[in-house]
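As written, the chains take the letters A, B, C and D, and residue 1 is the first residue of each chain.
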Amino acid sequence: MPKTITIGIVGAGRIGKLHASNVMYYMPNARLKTIADTNLTPEIEAWAKNLGIPNVSRDPEDIFNDPEIEVVMICSSTNTHADFIIRAAAAKKHIFCEKPIDLTAKKVVAALDAVKKAGVQLQVGFNRRFDHNFARVHELVKSGSIGEPQLIKITSRDPAPPPPAYVAVSGGIFLDMTIHDFDMARFQAGSEVVEVYAKGAVLVDPEIGKAGDVDTALITLTFANGALGIIDNSRKAVYGYDQRVEVFGSKGAAVAENDTPSTVKLYSEAGVEGDKPLYFFLERYKEAFIGEMKAFLNAIETGTKTPVTGNDGLQDLLVGLAAKKSLAEGRPVKLSEISIG
Amino acid sequence: MPKTITIGIVGAGRIGKLHASNVMYYMPNARLKTIADTNLTPEIEAWAKNLGIPNVSRDPEDIFNDPEIEVVMICSSTNTHADFIIRAAAAKKHIFCEKPIDLTAKKVVAALDAVKKAGVQLQVGFNRRFDHNFARVHELVKSGSIGEPQLIKITSRDPAPPPPAYVAVSGGIFLDMTIHDFDMARFQAGSEVVEVYAKGAVLVDPEIGKAGDVDTALITLTFANGALGIIDNSRKAVYGYDQRVEVFGSKGAAVAENDTPSTVKLYSEAGVEGDKPLYFFLERYKEAFIGEMKAFLNAIETGTKTPVTGNDGLQDLLVGLAAKKSLAEGRPVKLSEISIG
Amino acid sequence: MPKTITIGIVGAGRIGKLHASNVMYYMPNARLKTIADTNLTPEIEAWAKNLGIPNVSRDPEDIFNDPEIEVVMICSSTNTHADFIIRAAAAKKHIFCEKPIDLTAKKVVAALDAVKKAGVQLQVGFNRRFDHNFARVHELVKSGSIGEPQLIKITSRDPAPPPPAYVAVSGGIFLDMTIHDFDMARFQAGSEVVEVYAKGAVLVDPEIGKAGDVDTALITLTFANGALGIIDNSRKAVYGYDQRVEVFGSKGAAVAENDTPSTVKLYSEAGVEGDKPLYFFLERYKEAFIGEMKAFLNAIETGTKTPVTGNDGLQDLLVGLAAKKSLAEGRPVKLSEISIG
Amino acid sequence: MPKTITIGIVGAGRIGKLHASNVMYYMPNARLKTIADTNLTPEIEAWAKNLGIPNVSRDPEDIFNDPEIEVVMICSSTNTHADFIIRAAAAKKHIFCEKPIDLTAKKVVAALDAVKKAGVQLQVGFNRRFDHNFARVHELVKSGSIGEPQLIKITSRDPAPPPPAYVAVSGGIFLDMTIHDFDMARFQAGSEVVEVYAKGAVLVDPEIGKAGDVDTALITLTFANGALGIIDNSRKAVYGYDQRVEVFGSKGAAVAENDTPSTVKLYSEAGVEGDKPLYFFLERYKEAFIGEMKAFLNAIETGTKTPVTGNDGLQDLLVGLAAKKSLAEGRPVKLSEISIG
């Protein structure tokens, strides 16, 4: 029987709670000992008690200082990620960190340096790599079934836009939303992005425009291996969360469609009607959130490399920064133009 | 260049006109010389002129007596089919006859005897064998891709019931509608039916019940090779013509879905909507009607066996008569119980 | 916060373990206190300890006699079900019992009488009603979206046949396998079966024939409300577990297709390839097993009627017995011909 | 009955023959009197005779000078289109011209001026607008079913690259292949393109690169109404002709998938296999070629505007020229930068 891994979670917001539940329900070899949130509320305390988490705290140091805790999961707000990584690395704990590591390359590099020096493991929360559909596409690409990848196409549309207040502090659509798609594109291409051209528009909500962002975007990617990529984003698909990936290559194409609540079709005089895609990321990526955690804990247990590394987090950020620059300057931007700091 | 085949058509109703158009437009080596209809109307004359048919007549003898005419296509009402076959055979003409040959086995046998004695060819109008989907299923069955056939499933539902007046003279649902499905079942099974159990209900229109028929039916077939078959029929599918075939075997299954006017899906807040099946047989089997005629003319030209023989017409009728008997007596009926006359 | 329900499980075979895991992982308000198995093994003990079940026993009486235990889940072999139901009812415990209750109507009736007298609740394990696809079909039927049901079509094929030794004691395909489909048919039709015609064949494995059973079957059902039903079964679909349901009615049809591991299609020179259906019932009905348990516990908690009653178990058995008789006698059998005891 | 339109065709290559057949078979009110080809061969003469075309000629003037001929269809090589348009206009004949009108904007404008002055009608051969799938998408867009268009996505991939010799004289992928997609994008967006960014790569055949062209491309479009467009092209999809269109808007999305030879799926141990898309444009757009001609002849007959105008041909060319410039200069190019001459 494998040994038990003791875990602390920093941050008890939506995503922290999700990971906590998944650890409690689905990770038989993991023990969630402590969850810390600087804004600890009675609601969080009740939730933690009900779930059976032994300790709650408002001080993350209760986790970093706990010698029993081997793994820290950082689920706090983005601006705290890099510091907590550095702190956790100093405490020699393995780290799972939600995406993005930071909105600046400089802080990401500092965090990755700390991880490297400490010799701990780091996985970044790009959960979509563990989606059953996209993992299957990857498997077909890896096995050579489609030959050399030539075009990577990603459709990624949210069901509803975030509040403009959120948009203002989000880092913009490319670092907040598209960064998942940049990671997916790199994952499927098996190659790094060397150039980005981003085109954006405000078609969903003028308030998003006023907040200095776009809500609709097309991003063209060029990969080191010669493949091209295209991502289309919208903040509002009225029919639900639209998440499709296609990789086209010299021997064929692998095409992933959306998931739906059921396979049922209703045939009537009005037409043939089927289900809309699963509503949003909690529904669509439910299994993928579990999958990334299992893969992370397995890497810790076996001492093997995590499947989404700190460098992945860095590269995805650099692509995002290039996209921002491209949109701002109205021209294609090479990754080499993006200064790391 | 292949020689030209000269054709006469008896009967200028809907199906006669359809075959006439198909010959004129799609059969470059065929020449439609004469169309005869005992109820010749000015409308038929105008239609024939517009299409470019040289002769119209109210006397089928103008066809049978014409030494230039090599092929007769019998598209008149069912009760005249057998006699016209016998007449055409006597005139040494090859014959295409619409289904069914007759509603009694005795007259069918007499017609087939005449054909045999005359040494002419006969094809019966079971056009669905030439449907692109069902032909593809057949190809997969023939090639062994699904192994030994074990279950043949046919869904066959019309968009709207015929008028009760028609029902009264139609010979009943099994000889009028299901007979196409019996032919399809035999075609796909590659084996003859040995037993039939038919269950029927009046669920669509009480007038059909008053006319002594059913409008909804399930027919279980047992084939000589051990396979089982099931046909489900309804006279009214509000969403259009539902025509599906599935053959399940020891190595897999071949499943044909409906055709639709387009592949387009509309994604909206209300759901995901696609096209209904093509409305009725003229739309769905448009190409199949052309295909059966090409195959027939090819058989005539090459002197090879027609792909749907007089014996097929006879066997399909016998299955239909067994189904009628089964429904009337509420028990499975063996084909051997059906007297040929 | 809802009160906790304390549970005991009788039988630690595959299905008992499945329900135990589901209770432990997914039923926050349930407490699995004891699992008993007359063939208790060290393997079961280790499994129970790992899962966190406090007590294991080889004596079911440890459950029936425990005043803390409010609910008994009967997961032992079929021949013990009725007696354990009677015992649990005597102990005033609510009961979840795996299907079938018994292979004889007489014992089922005795068990249901005991349940009635004791005033406890009983749910029978027809989990497929809780499948996301079939529940959606039911919802469309119930809401009137398809009008009056006229045809209920069920395809139910296993990926591989059971060992002939199992077949010999299974009660035959109709009571072992098709009984799930009988329940589904009744569920979707919203009406009781009044007549059955079953046709069977041995096409998969001659050993099954030697064991006195068939491995391929077509069963025609007639419902009290006039609708007709057809079930097709095979013990071996080489492409996996084939589980489809279609309800056709006066205003349309609801059609449920299979589930697949992913939505990915591989386009290549060879064709377009997609996933096979999920392999077998553990994969396909994973969520449905959780769903039935949640629905059961909710009924207990709220004191409402369970969604699958003892009478459902009885009716499904009677249909199965009628199917056996129909197959044996080669004729349609009315349910009224089946003696209850 | 509508009056007969007399037609002459200039050019008896593949596309000229296709239009000739369609006129002969499917346009009952049209009379194809003469076909002229400057490279008249005995093969063309035999083909024309077999089809029943009264006159063949090696001199297009035999058409332009024939007072009976009301309509000229220009199907000769691209470099002759503009001159023949001018000649036909001078002869006061209505014109159907294959795409593109010319590879230079200057000559296109000259041709359109001649058409305008002559007061004749002109339709350009963008047949895909008449494809059943894309017409259905357009219908949904026009009816407001998807709200305001925001993203237009076009996948357009050929099954096999043309010979490098052809590539050298083709005007490049954007004017030869993508021009159809530019027309489709404008058609669906209902708005003109104002900016183009084209990214290309040589991934299929190095010879294409040596000929100065690319074989893989992504083109980002910005429309006057604010919508964005993305086209992906490949000269070689091993699985056949990949032609998909998607329009995403404020109220939903309309998504057109490929057509296939049949709907049949083969379920086997290896997976579930379906048909590849129809092989190439002759198969896929068979009906669309007929549709464009019917629409053209109907416009002539009723004196209404043709559904694809000379200005459409001009705008599509300008977008193509902008794409060429964008690819050459590695930057987005505004349509206003493209000089008309």
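We take it that a residue touches a chain if its C-beta (ideal position, glycine included) is under 8 Å from a C-beta of that chain, and two chains touch if they have at least 3 such contacts.
None of these values were measured; they are calculated from a predicted model.
Graph distance from subunit B to subunit C, where chains that touch are one step apart, equals 1. Common partners of subunit C and subunit D, by the touch rule above, are A, B.
Between A-B and B-D, more C-beta contact pairs join the chains of B-D.
The most distant chain from subunit D is C, comparing centres defined as mean Cα coordinates.
Centre-to-centre spacing of subunit B and subunit D amounts to 40 Å, using the average Cα coordinate of each chain.
Rounded to a whole number, the gap between the C-alpha centres of subunit A and subunit D is 42 angstrom. Averaging C-alpha coordinates per chain places the centre of subunit A 58 Å away from that of subunit B. In subunit C, the positions touching at least two other chains are 237-239, 242, 251-253, 267-269, 275. Remark: subunit A residues 147-148, 150-151, 153, 155, 157, 197, 199, 201, 203-204, 216-218, 220, 222, 226-228, 230, 232, 234, 236-239, 242, 248, 250-253, 330-332 touch subunit D in the complex.
Looking at the complex, you find that subunit C touches subunit D at residues 237-239, 242, 260, 267-276.
Chain contact summary for the complex, subunit A toward subunit C: residues 1, 25-26, 28, 50, 132-133, 135-137, 140, 145-146, 251-259, 261-269, 275.
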